[in-house]
Structures are given as structure tokens and as C-alpha cells.
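Once you scroll down, you'll see the structures, which are given as C-alpha cells.
Look at the two complexes coming up: chain A is in both, with chain B in one and chain C in the other.
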Partner chain A sequence: MKRKMLSLGLCAMMTASLLVGCGSGNTEGSAENVETSGELTWRIGGIGPTTGGAAQYGQGVMNAIQIAVDEVNAAGGINGYQISFNFQDDEADPQKSVNAYNTLKDWGMQILEGTVTSGACAAVSAETYNDRIFQITPSASSTSVIEGNDNTFQICFSDPNQGTVSADYIAENGLGTKIGVIYDSSDPYSSGVYQNFATEAANVGLDVVATEAFTSDSKTDFTTQLQKCKDAGADLLFLPFYYTEGSIVLTQANKMGYAPTMFGVDGFDGLLGVENFDVSLAEGVYLLTPFAADADDEATKKFVATYEESYKDTPNQFAADAYDGVYIIKEALEAANLTPEASNEEICDALISEIQNVNYNGLTGEGMTWNDKGEVSKDPKAVVIKDGGYVSVQ
Partner chain B sequence: MGFLTYLINGLSLGSVYAIIALGYTMVYGIAKMLNFAHGDVIMIGAYLVFMCMSNSGLPAVVSIVIAIACCTVLGIIIEKIAYKPLRKATNLAVLITAIGVSYFLQNMALLIFGSNPVSFTSVINWEGLSLAGGQLKITGNAIVTIITCLVIMFGLMWFVKNTKPGQAMRAVSEDKDAATLMGINVNATISLTFAIGSGLAAIAGALLCSSYPNLNPYTGSMPGIKAFTAAVFGGIGSIPGALIGGLLLGIIEILAKAYISSQLADAIVFAVLIIVLLVKPTGILGKQIKEKV
Partner chain C sequence: MKNLNKSTQKLIISILVIVVLYIVMAVMESTGNLSSLMSGLLVPVCAYSLVAIGLNLCVGYLGELSLGHAGFMCVGAFTSAFFSKAYANTIPDVPRFILALLIGTFFAALFGFLIAIPVLRLSGDYLAIVTLAFGEIIKNVINVLYVGIDSNGLHVSMKDMMSLGLEPDGTLLVNGAQGITGTPRQATFLIGVLLVIFALVVTFNFVNSRTGRAVKAIRDNQIAAETVGLPITKYKLIAFTISAAIAGVGGVLYAHNINSLTATTNNFGYNMSIMILVYVVLGGIGNFSGSLIATVVLTMLPEMLRGLSNYRMLIYSIVLIALMLFNWAPDILKFRADHGLTSKTILGKIKKTKEVQ
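Then we have the complex of A and B:
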């Protein structure tokens, strides 16, 4: 009897662990700002995590698209037609993201600006490719998002680019001599950045003394990884993952009395917004971003002011990417001279060819251009956290 | 020095597993059911501590006491509503109910607290010890966790062995019907077991989140599964088994991360479990009970 119960229990445990993986959370789709008037409009959909571990990205993206859409609508719309915008929450989960996509498709979406995170985006871009819906993602940086899909474009720089630029930046500025790396081996974004960082680090002669990994099942305990980096004498930690885990790493490193230079990539944007996180631990953390809210050009100032006024928060780079996204779509649609009467496939094909001719000056870069693979060409900037804010490094 | 640090980290992680495993093992030993909602009671406990401490500014000890009280009540309610009506049902039905309760608690937490993770302030305000000229640093969290685990474990063993309710527990675990005939209130004993297990879950939640400061509605799932593994590993139904299983699991996990591969750690932990169960199907301290035909 006992043995029977035991095997039963083990079966249950395995089933439960499966469920844990796929069942992470229920979402009520958050239909924001849906216009239901019968008037013909451009239907632009957005998907991203407005709740969950990457919520700051989704919220930033949603708010910024709304600002841009309002601006465009106030200025007369695109080719004389107003934009309707509908944003759905996916909690950064691929399955929920596809559900959100189906909801938007039922709503009649013509163009998708999303999704926000790489894992979810790869799942959705397979769907948009089949359905021939043009997709531009503000922030999903993995190459898996655009690979094999002619209809998906990125506004953020891709993972290879981030990994390479990070290694170059660390080497040029002599930020560290012995480098430790911790990355999430279960996440395409994190491992993508890491692989390119490792390659470039070898090229520029950086000494990587420790390479440690964690997975989505064990992303709360970093003490062992930190201890190994510490024992290896790493004086700079390269941390290509998201800010939620970032806040834990910083807390645990502090408890251990280990204080190397911390260098994150764009996933660290949002670190200062983690609820109840002691932001003094983030002092001196470097991160890579195409956008700094303290920049003093006119466009950035105006965007930051509007954002702060509407949402009582400082926009992050994802918000800026998303804001640019709306104007990039506008520019491409105007060049193609389309109206919302066109079918999704016509819009998709026209935008694929037009976006490659666009040369866009936005918040996140001057002279942004796209190649036929869907990658953007622009320059990342490094920012450092000082006195509880992001400050550009010259 | 590195090895000692890893060992202490492993003991600390293992102690948390052991406290959680106690909840599984006691309920299994007495009610012969697997309470999969246990991991989620931990999460609720951690949220209660967080709300009392960070939002209301209460001292850590008071917060933990409140959380223990609330979780105890929660445990009794869950038992009364979800498990008691199924006392005569098949094991499978109870198991599915337990998974249902687990999801209910998770989704309830999602509704109340939202899915944004919060950074948990440690309940332990002590820097810890610095030995061997700063070479070996033991955090206050680790020390308090290990000591709490040992105190709970020995307290519980004493309780089960020497008190009336404890004896009733042992009697019910051996033979429910005979215990009823001897005048033991089986239902009250099972409720008491749930109450103790859930109260311990609150402590486990506070300790878990103090060491690994990230709290969201899924915080309890993975540690819950690992602790269940620890309970099976040590011999489910046995209190010292939970201690040994928990500590071993924690140490194996940390050492595997440190010396073999940080990516393979989980795979190694579960591989060890399979090997142990192949050699000794009842777990390390599990007893083979002969079925009476």
C-alpha cells in the first residue's frame, strides 16, 4: 500500500511540476482604450506584460504607445485615418501571449506593436508570420524573434549586438579586469546575450574567470553563483537578465559582503522600480540602453514631460522604443500610401518593403535603419545608476 | 573555505526545505494524503509577514506571530472545507482536490496581491558571523534558519512522543479505526496536524523569503515540490526523515551547483532522488509496513 501511494505521489509531483511550468497565473485580458465606434480606423494592437515579473516593461510600452497614438491622432492620424489602439497583458508568458494575440485578431488588429519580451515574442511572431500581420517589437531583442520571419522587425538592438557592445564597452573603459558572468540558461534573451558577450570578450582580451547559470526554476538563490564568482576573484559581474532577478542578485551579493562592479544590459532597466527594493544597493550599477531620460534634446524632454505628467513615472527605454515604434509605423504607412481598407496581407507586404527605406530619427537613436532580416542599426548608450536615478555615461 | 561556505548555504537552504517537508510528512503520516496546497500556504504566510512588516511597520517577531496564527486558521479551514468531506473518497480524489486548493490559493493571491513580485525585507536584522579573518562569512539568515529548523524538529519530535495529542497522532497514523475504538477523536487529531503544518508553513515562508528575497504568488510552488521531494527522500511520514531529506537535498543542490554545473543542479537533485528510491523505495528512514490481508 505504502509503495503504491509513493508512486502515486511521485506521479502527482511530476504532473504538478508540469502544471507549475505552464500554469503560471491567470490573466484577465486587459483591454485598454478600445474604441468601438464604427468609423474606419487603423487598428494597432499591442501585447506585453502589464503584470508579473517584467510588468514595468509592459506598462512602459503600453503607456508610451498611448501617448504616441494620442499625438498622432491629434495631428490628424495616418493618411487621414485615426488610430485605434488595444493593448493586452501576457505576463511575459508565451502561451498567454498567443492567447492575447488571438484576442487582438478577433478585434480586427491590422498591425501589431509587440510583444515586449523575447520568449513570448518568438511564439507570437510565428503566428503573425502565418497570418501575414506586420509586427514590430519595441523590446524583444532575441534573434529567435526575427529569424525566419520576414514580417517581424525590432526597434531595440538585438542580443548579439548587446553582448558585443557590452564586451567592447567594458574593455574600452577598463571597468574590470576579471569578469564573472551569471546568466539565465533557460531564457533565450539571456543566453543569447551571454554567448555573444563571451565571443567578443575573447576577441578583445577580457579575462572571464567564472561563468555561472541559473534556470527559471531556480531563480531565487544566487548565493552559490555569487560565491563562485567571488572565489574566482571577479571584480566585474556581467548580468544579462531581467531586473527582478537583478534585485535579488544585488541583495544577496550585499549580504555576502561582495561588491564588484555590476554590469547589466537592457534587462536591468526597471531595477529602481522594484517594490520594496533597497535602491541604495543599485548605486553604481551600469546598464546598457539606447535611451536616457535625462538627455537634453527637445524630443526626449517633451516625451519625458508628457509621460511623467500622465503616468507619474519616469519612462524607461522600453517606453521610448515603443513611442518610436508608432512613428516608425506611421512613416512606413505614409510612404506606402495605404488606407485602413487594405487587407492585412497588403499592409504587411507594403510595410515590409517600406520600413527598409525608412531612416528614422527618434528618442532611441539617430538615423535608425532596418535590414531585410528585421534588425535595427543604432547605437546603444551606457548609463550608470547614481543617487537613485539613471545617468548617462559619457 | 569555499567548501565550508557552500556547505553552510546548503544547510540553510536544506533547513527551509526541511521545515516545509515537515508539513507534507506529518499530514501524509496521519491523514495518508498529499497536501499539495502546502507550498501555497507558505506563500500566503510570506505575504502576511510582508504586509505586517513592510506595509504596517510592525516588528518582525510580531509579524511572524500574526502570520503563524492566520496560516494555522487557514490550514484548519482548508482541511474542513476541502479535505474532510473526502475522508472516505479514493486517494486520487483527495490528491486532485489538493492540487485544486493549490491553484485556488495561487489565483486568490494573484487577485489580492497582483502578480508583480515584491522584494522581501529580511526578518533577520543580523549581519552574521565573520570567521577566519573575513574569509568565511556566515549570514545571519543562514544561522537563524538552521537553528529554527533544529528547534522545530526536536520540539515536534518531543511533542509527538510525550504529549497526549502527540500520542493520539501516532495512534491515528498507525490505525485510524483502532484509534477511534480507543476513544481518540480522529477528526480533531487530523485538524491539529493541519494546524501545526500550516503554522510551520508561515515560519518557512518568512525564512525562505528572507534568504531569497523575491515574493510573488508562485513563490511557494518550486520550494513546495522540492520539499515534497525531500519528504519522500527522507521517508515520507517520518519526522527525522524530513529533516535528513531536507538537509541532504539542500546540500546536494548547492554542492552540485558549486562543483558540477550550475545549469544541471536541479537535474542532479532529482537524479539522486530516483537512485535513492530505486535502492530504498520507502526513502532513507521510511519503514516498510506489511499489509494485513
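Then we have the complex of A and C:
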């Protein structure tokens, strides 16, 4: 009996040492984009889904940050120090996201640019708040991300902003009299925008005649929802979700011979790039986006060209937000005149005060500023799709 | 120790191993040798272990395949997180967590009981399908549930946030798909370990009790058990309810370890139910300590493989297949027996070398 106990104890010790060994060895990091040389660098971490259902957004953000980091490094880095970048996958799951965050912490992350999705971001921002690590998210638009956390900032405009602006815009321009809404009730982003839209719609006197929901388990067929909106006589559909489902809605509405005005939010950006999608169906679709891949300005052209060359894909607005993020961090760090020797807490405190003085012109907006809550001041711009391109309407 | 019966000895050994592991981890953590990733994983591992123990009771001793245990975990997680958030400012931390734990466990048990009534009239594949459906229903109901609290009391809606009609001073507790944000973070590794040990004690005692023997008799031959006069439904209900309650405890632990609790397919849907079933099958059906080991290994593995970037999903699956084959494929078992590679012979060898020394 004694011996058996001893051997079991030994087994337990071995298991423990295995786990611990793995743990401390993790500093080697992952992904091809990690620089592990011993020199002192800025360590910027990124978290987002690069596998699973939301992978396209995470991939875009990862690629765009990589492009920006390479550019900054080629131009001499920030305050004379190069940037190392490490991006971890979270499968858009809060628990996995916290695991990814801990991995990055072991790697020595000083600043976090992430996470990509709202639900995961809320979990991680609670952690960064406790650990005093500065966090800026390119695309998590929910208010729960920044609520109560002084160290978390958003580059994208927030859900309330989008929902409210959409309702105001529709009311002011008289785009529709009877509004139908279809939204993804299982998605924090989609239901967040919807809630704010519905609140504002009631305020400005829009007549919402049909509200139909779907879930992530049933996002391939929208005929029921469309039929109900059609029966209710909706002449404008508000569609606060991502473009993949958006393309299906447009195709199915067309098949049904139902042609209301379609109004999407920023998730619709990317609609024109969907494979096997008849782009002519997107004609006349309104959407909110701060970024158009075919814009004429020099910065956008350069970014899109580099992105297309490196990753054989057109960047969407999340990627553009993420690209801007690196330069925003750079600007704030330069203003604070910090070096990577500073502790995470020093960097965090300095960046919190500096970012509120930053006035940044980037791909996704002119003169972006931040308030102490973490919200960005840029306004969502409505564009309409015409001849396969975005035309801004004001 | 010698005059105790075999199952008690086994239980004591399991608990001792857990305690040793806990001490090792606690020492590592206090001396700063434990990476953040590892210390972040400790509580989730305990949570999943609890659910695996619960499911093992159902699969191994009741002999019924349940694919809905993540649903019970979900019930435990949301009810307790709801309670903790609602009373975050009125009840002090410690009693609130204890109450949250009891509430989470109670509601998981209640749901287990209610679901078991229709479900246990079925058997085999049909039971698996119905439990799968129940798990999904729970997840989907939580995704459309909006609960807020203000000076007029509790407001509940299944439609959207606006129909709650909250006063401006009200707080939103459950926000549909956005779930519960801001649950106080109270689960620690110590609590996790204590709960795992407690669950082990309960299950070990249960399966060796009078009721447990009846449950096993029903599993082995329902008709024979019925002939002897055992009330089948009663025993099945008891076992299933306990199993759900333990899964609920796992949910409570999970919920109090993360700030943002959402019900998605990955954490409370069928994916998770099947993941937990994998822990149980790999660890050995009816073997509680085995489930624990399998849970630890399989929860840690994908995180350990982060170094391989996106290939880790592929490697993880391959490792899983290899482990299953190694443990259960008849040819491999035979090969292992022939070459002295079974766990028994390996343990025996260790013993022998000790004796030689």
C-alpha cells in the first residue's frame, strides 16, 4: 500500500512538473510573427479569432497589425525601439480569450491591441484592468468593453453610436416609413446595435413594423424573417449584422421579389468582396463605414496595396481600424516619451492620459480623439453602394 | 488503512493526489514560478473536472448517455452569476459566494430533475438525442432572456431590452446574448480543489451506497432489477439529479472566474457537452479519477500547443485520436499487454524496482 501511494505521489509530481515546465517555457511564443531576439523592444500583443466562425475578422486584424508593425519598424520604431508583435487566437470565446491574454502576459506583453470580438473583449478588459495593461480594441464595439475600465479604448465607433446614428439618419432623410429589423439575437454586437436602434427609433418616431431575430445556429436561411417583414409592409430593412449573412439576406430577398431599402451598419463592410455573390444585388444598400478600400487618398491606397500583395485579400474596416491602432499607440507613446524599460503600469498610466490628447488622422477617420471613457469621437458615415463602389451620402 | 475497503482506499488515494497537486501548484504560484497562462487555467480545469465527474456518474453508473451536461453547467453558471450580480452590493463577499454556490447547484439539480422526468422514460440513443436538445434549449432560452432590476423590482423579458421598461436608476442584469457582465471574480483554485474533492467524496459514497448499488443494478439489467422490486424511476431520477447538480457546481465555478458570461455553442452548447463526454470516455467510463486526469490533460493541451499557431487544432485532434486508440483500440490493448505496456504492469515494474532497491 505504501509503495503504491509513493508511486502515485511520484506520478502526481511528474504530471505537475510537466504542466509547470510547459508553463514557464511558453515565452517562446507562437506564430511566425513573433520576434524573440533578446534586444529590448516594444511588446505589443493582439488577440482575436483566427480559427472558428469569426476567423475572417481576426485574420484581417492580425494581418493589418503586422503590416503596420513592419512599417513602423522599417521607419525606425517607436522612440527608437523596434516593436515585437504576437497575435494569439481566441476562437471568439471569452475563456479562450483570457487564456490567450495570459499567454501574451507570459510573453511579456506591454500593450494589448485587441480583442476583436465584443464578448471576449469584455472578459479580457477586466483582466487588463486588474493587471494595469493598456488596451485598445480595433473592433469590439460593445459598451461593456469600456464600462468601468479606464485603461480600455476603442478605435471603432461603439454600438450605441451606430444604432443611434442609423435611426437618426433614416428619420432625417426619410429613407423609409415602415421599418423592418432583422438581427442576430445570439450575437452581442448585433443585438447591441439593435437595442440602441430600437430605443432611438422610438424617440425619433420611426415606425418599426417587424422585428425578426435569428441565431448563429440558423444563419443560412432568412426567408421566414424576410417574408414576415414583407407581410408587415416594411419598406426599409435595418440589418445590423455581418456581411456574410448580409449577402444571403440580399440574395434571398431578391429571389422573393422583395426590394425594400436595405440599411446595414459597419458589419456590412466587406459585402462587395463576398465570393459567389452577385454584386449588383448590393446596389443601393446603405451602410455605415469609416473605411472604403477603394478610397483615393494616399494612405488608404498604400495600405490596401500592401495588404493585397501580402495576403491576397482586400482588407475590411476591422483591418483598417487595427492598422490605425498601431499608429495611435505610436503617437501616444511618442507623446509620452516612453521607452520599453518602463513598467506596464507606467506605460498604461501614461497612455491613458496621452491618448486623450491625441488627434489622429488615419484610414478610418480624420481628427480622431478619445474621451476618458474610452470612446472614440469619430462619427459613423453613411455610404450607399453605387456601381460596385461606395458613394458617401450626406 | 489496510482494514478499509478497496473503494475507500481508492478514494483516499485520489484525494491525496489532488491535495499533493494542489500544494505543488500553490507553492509554484506563491514563489512566482507558475506562468500566468497556467494559473489562469487552474480554475477552469477544476470547473470542467466537476462537470466531468457529474457526467461520469450519469454515463458510468446510471448507464445513460447524456449529451446535455453543458446545459446544466450553463444553468448553474447563469443562476449563480445572476444572484452574485444582483446582490453584489448588499451581501458581503463570502456569504454571497456560498449562497451563489447553493443557488447554482439547486437550480442545476432542479433542471436536471425536471428534464429527467420525461427523458428517463427513453433509453439509449433516444435519451442522448433528447438531452442534446435540452442542452440547446437551455442555451437558446438564456440567449433571449433579459432581466433588469430597479426600484420597482425585477423586470423580465424574452423579447428585448427595451420591453423591460427599466427606470433610469435600474441595472440590467442579464442582457440577452451579451449575457452577464461584471460577475464578481471569486472563484479561486483552493475553492475549485475543495469542490472537486467534495464532489469525489459525494460520488464515491453515492455509488457504494444502497441507492448506488440499486442504480448499478438497474444499469446492468433493468428487467432483473425491476423483478427484484426496485423502483426504477426513483433511482434513475436520484442519480440523474445528482449528476446535474455536480455539473451545476462546475458552472458556478466557471461563472465566478470570468467577467463576461455568454452562452455560446463553444462554452455551453453541444460542443462543450461532447467535449466533456470526451473527457469521460478517455478517462474511463465509471472511473472518476480517470475523468479528472483526462480533463486536466485535454484542457491544458490546446493551450500548450499555442506555439504551433493554427496547426494546434489539427494536432489536438490527432493527439485525441491517438490517445483514444492507445486507450481503447482492441489491437493496441493486446499489443500493450504483450509488451508489458499496460498501466498495471508499469505500476508493477515501478514497485519491483523499489523492492530491489
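By our rule, the second predicted complex is superposed on the first by the 303 of 394 C-alpha atoms of A that agree within 3 Å, B and C clash if a C-alpha of one lies under 4 Å from a C-alpha of the other, contacts with A are read in each partner's own complex, and residues count from 1 in each chain.
Everything that follows uses one rule, which is that contacts are C-beta pairs under 8 Å (C-beta built on N, C-alpha and C of every residue); 3 or more make two chains touch, one makes a residue touch a chain.
Since the structure is predicted, the reported quantities are computational estimates derived from the model, not experimental observations.
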{"item": "Which superposed partner A:A342 touches (first chain B, second chain C, both, neither)", "value": "neither"}
{"item": "Which superposed partner A:S142 touches (first chain B, second chain C, both, neither)", "value": "second"}
{"item": "First, second, both or neither for A:D93, with chain B first and chain C second", "value": "second"}
{"item": "Partner chain in contact with A:V384 - chain B first, chain C second, else both or neither", "value": "neither"}
{"item": "Chain B versus chain C as contact partner of A:G257, first or second or both or neither", "value": "first"}
{"item": "Per-residue contact with chain A, leading partner among chain C and chain B", "value": "C"}
{"item": "Chain B versus chain C as contact partner of A:K105, first or second or both or neither", "value": "second"}
{"item": "Partner chain(s) touched by A:D217 [first = chain B, second = chain C, both, neither]", "value": "both"}
{"item": "Which of chain B and chain C A:S185 touches, first, second, both or neither", "value": "both"}
{"item": "Touched partner set for A:T51, first chain B, second chain C, both or neither", "value": "both"}
{"item": "Touching both chain B and chain C, residues of chain A", "value": "1, 3, 5-6, 8-10, 12-13, 15-16, 19-20, 23-24, 26, 51-52, 91, 185, 213, 215, 217"}
{"item": "Residues of chain A that touch chain B when the two form their complex", "value": "1-3, 5-6, 8-10, 12-13, 15-17, 19-20, 23-26, 51-53, 55, 91, 185, 212-215, 217-221, 223-225, 227-228, 231, 244-245, 247-248, 251-252, 255-257, 274-278"}
{"item": "For the chain B and chain A complex, residues of the former touching the latter", "value": "2, 5-6, 9, 13, 32, 34, 36, 50, 54, 91-92, 95, 99, 102-103, 106-107, 110, 114-121, 128, 130, 134, 137, 139, 141, 211-214, 216-219, 221-222, 225, 228-229, 232, 236, 254, 257-258, 261-263, 265-266, 277, 281-282, 286, 288-289, 291"}
{"item": "Chain C residues touching chain A - in the complex, by the definition given at the top", "value": "1-2, 9, 13, 16-17, 20-21, 24-25, 28, 33-41, 44, 136, 140, 143-144, 160-162, 176-179, 181-182, 185, 254, 258-262, 264-267, 293, 296, 300, 303-304, 306-310, 313, 347, 350-351, 354-355"}
{"item": "Residues of chain A that touch chain C when the two form their complex", "value": "1, 3-13, 15-16, 19-20, 22-24, 26, 28-32, 50-52, 88-89, 91-96, 98-103, 105-106, 118-120, 122-123, 125-127, 142, 144, 147-148, 184-188, 190-192, 194-195, 198-199, 202, 211, 213, 215-217"}
